[in-house]
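In what follows, subunit A forms one complex with subunit B and a second complex with subunit C.
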Partner chain A sequence: MVRFKNRYILCEVVFPDKKKEIPRIDTKSVYFAVRDAILDAHGDYGLGAVQFSLSVKYLNIKTNIIIIRVERKHLNIVASSVVFIKKVASHNIIMKTLHVGGSIRACQKFLISYHKKNLPLLYSGCETEEQRAKVMQSIVEACDDLQNLTSRTKLTAPDSSSALNNLMSDD
Partner chain B sequence: MAAPVYTDMNVLRQPNLSDVIDLGIELGFEQFAINYVVSSLQGGKGKKNEKLIVPPPAEVLLNDESVRSIQKRCASFKQLSRLTAVLEDASNTHRLGAADIQAYDIIAVQVTNEKTFQLACSTLDVDIICFNLSESLGFSLKRAMINLAAKRGIHFEIVYSPALQENTVKRNTISNAMSLIRAGGGKNVIISSGSEQPIDLRSPYDVINLARLFGLSHSQAKDAICRNCRAVLKHAESRKTCKSVVSVIKSSNLSVKEQWVLHQKNTREDSKKTDADMDSSEEDNTEDAHGNLMDSDCEAEMSDALEEPEKKKIKL
Partner chain C sequence: MVDADVKTKCFISEKKQPYLYMKVSLTIDGEDVGQLTPVQYKYLIMQALKETLGQIGASYTVDLLKLSSNGVALLRLPRGYSDKLWAALTMYGATPAKRRCAFRVLQVSPFLMGLVVDSRWQQ
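After this line comes the complex of A and B, so read on.
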């Protein structure tokens, strides 16, 4: 028996409209947006092919990160449909694909390095120490969440302390 | 190989330009060609008010201040000026050679019918040929013509922002893009946004995914947003040089790295005065042939700047 293989698409949600308040999106609305986009781009066949395995595994409103799961065979259908998404729950958004990985753990690894790389950019927008601490806090929380998710799916043994230490040591 | 520089070769000149570029940088692009569209080329002979007036590239580009503020966030940011002329018929194409149009970094033509398509592929001295992909083309893209253009180093542009609009426009864009890629074998294609709104931009990875829908392979799609764009820039650069061998720049515009040329020239000036005279007279001819404008008082300096590299080449 061969394992059922998935692909995990790691996306960042970018809001092109510069607004003060943080738009509220949830897993369900993202799922329906992806579904509609697939229906638009690939029709009933496309949706039928991926419907079984398609799910939004993870959503973080603070760092705007989404992980979408799909069967490996039909990755192309979802990856090309994500491009067409323009709205989630009446918010204008752009989905920026960061990475496609074979497991949530792989995505998490990439995410940590991505956050590390972008930390100076985020910090440049901060004026006080408090704001910096807040940014750091939200990133650490996000990584923690993801860690819990990985351990729950039992893909790998949880190793939260080392990942977080890695991130903190760079600070 | 250097790291890939993702380039968006078509950002329309418009009031919210800086918003679009800000978002483009956030998404991962580094170079932007800012596009000024001329709806029709009119002859220089007509009455004064009918004459085509093209703004200098400096007016089209972002000003220094905003460039500096962007470079704080993205050090490798670079902007280029691009002019797109819509060709309704074959007349007045000589205007493309005029100095005010040649001042732009990249020159593109948008063809509207078979005649102008053939003209652009076979004779016009341009860098990019683009189409209005959101409507049906009305003529077939012949493989021979596309190959001819590819041989001359001209690239074809696919604008992806209409593919994100409503159904009919999307369908037309996909169908036209596919026929263009089928006819050209996926070579000499560049993909750019052409977006008016920030929301029509996509990140490089997503553009590659979209291009795969159009029928390009992964590597071809990647080339279409980085390597081919570089080729376009090289092609545009070669247009400004004489047979791609000799180029002329003002000595005041020389970068710090190249200042040695002037310095060496000054030290040896006396011994090679006769040579210098000969060279400067030769150089005047090339300038005339290209119609480059210049101040007469700079001429001597320029010839100085030119002389050294030329001699080096001869020695080699």
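After this line comes the complex of A and C, so read on.
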């Protein structure tokens, strides 16, 4: 037996237009945008090579993260045409490829470390005290979750010191 | 046994050649191909590439070396992509004006000299 070997492209969707409401995009519209970009950049040949395995596996509207699956052989076709996507369902967007992984799990692992890195940046980018408090709270919550997770796996009693301090010392 | 009267020479190159030379003929439904200028001819080739290989495929270099009056042209393709370009030319079926058309590949050779003689049409 031979497995179908895939690659998963982890992308961040950036909205250059500053609007109040959350843009409504779904998996289907992202798929069509990717498909059109491939047709434009690599023509009928590129689309035919990729279409069998192309699918959008994951879409998070809140964090603007998507995961696209492709056959390993034709990764270059998709990776090179994703760059040229300008519009998804009438929203102007920019696609930033963050990571290419061999499985969804590997992509999620990367995503956790990516968000971990970005939370402090978010904190320093805050303008009002209120926002700052909000971000700090979410950091603390995330750290608590993480610690609960690790303590459960290691079967040790949770440390009495703050989870945030733990994180600081780790980094 | 080698006949003493007939002198034949055979050249074999073991090196990889950088280009593939191709003789193609273009036919367009209900149109005189002899009227086409080299620029128009190249435009049709680019259209063919764009259709099957997209914008990135159309960035491959194709040189139109010579255009005869009967729509037969000599092309020079880089060896690495020659098969893709060949396929794109063969797949082309309709001009932008929706006229049916076809590129027919008559001869290919890694040497320009190879296109001088065509054994198919020899008497």
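The rule is simple: the second predicted complex is superposed on the first by the 123 of 171 C-alpha atoms of A that agree within 3 Å, B and C clash if a C-alpha of one lies under 4 Å from a C-alpha of the other, contacts with A are read in each partner's own complex, and residues count from 1 in each chain.
Going forward, a residue touches a chain if its C-beta (ideal position, glycine included) is under 8 Å from a C-beta of that chain, and two chains touch if they have at least 3 such contacts.
Nothing here was measured: the structure is a model prediction, and the numbers come from that model.
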(request) Please work out whether A:D26 is in contact with subunit B alone, subunit C alone, both, or neither, and reply first, second, both or neither. (result) neither
(message) Going by the contact rule set out at the top, does A:S80 touch subunit B (first), subunit C (second), both, or neither?
(response) both
(message) Taking the superposition on A as described, I'd like to know which of subunit B and subunit C A:D144 touches: first, second, both or neither.
(response) neither
(request) Based on the superposed arrangement, let me know which partner A:T97 touches: subunit B (first), subunit C (second), both, or neither? (result) first
(request) Quick one: name whichever of subunit B and subunit C touches more residues of subunit A. (result) B
(message) Contacts for A:S124 in the overlay, against subunit B (first) and subunit C (second): which applies, first, second, both or neither?
(response) first
(message) On the A-aligned overlay, A:D44 touches which partner chain: subunit B = first, subunit C = second, or both, or neither?
(response) second
(message) Based on the A-chain superposition described above, do subunit B and subunit C contact any of the same residues on subunit A, and if so which?
(response) 41, 80
(message) Considering only the defined contacts, which subunit C positions touch subunit A in the complex?
(response) 50-57, 84, 87-88, 91
(request) Would you mind writing out the residues of subunit A in touch with subunit B in their complex? (result) 14, 16, 41, 76, 79-80, 82-84, 86, 92, 94-98, 121, 124
(message) Looking at the complex, which residues from subunit A come into contact with subunit C?
(response) 38-46, 80
(request) In the complex, go through subunit B and note every residue touching subunit A. (result) 19, 23, 26-28, 72-73, 164, 197-199, 201-203, 205-207, 209-210, 212-213
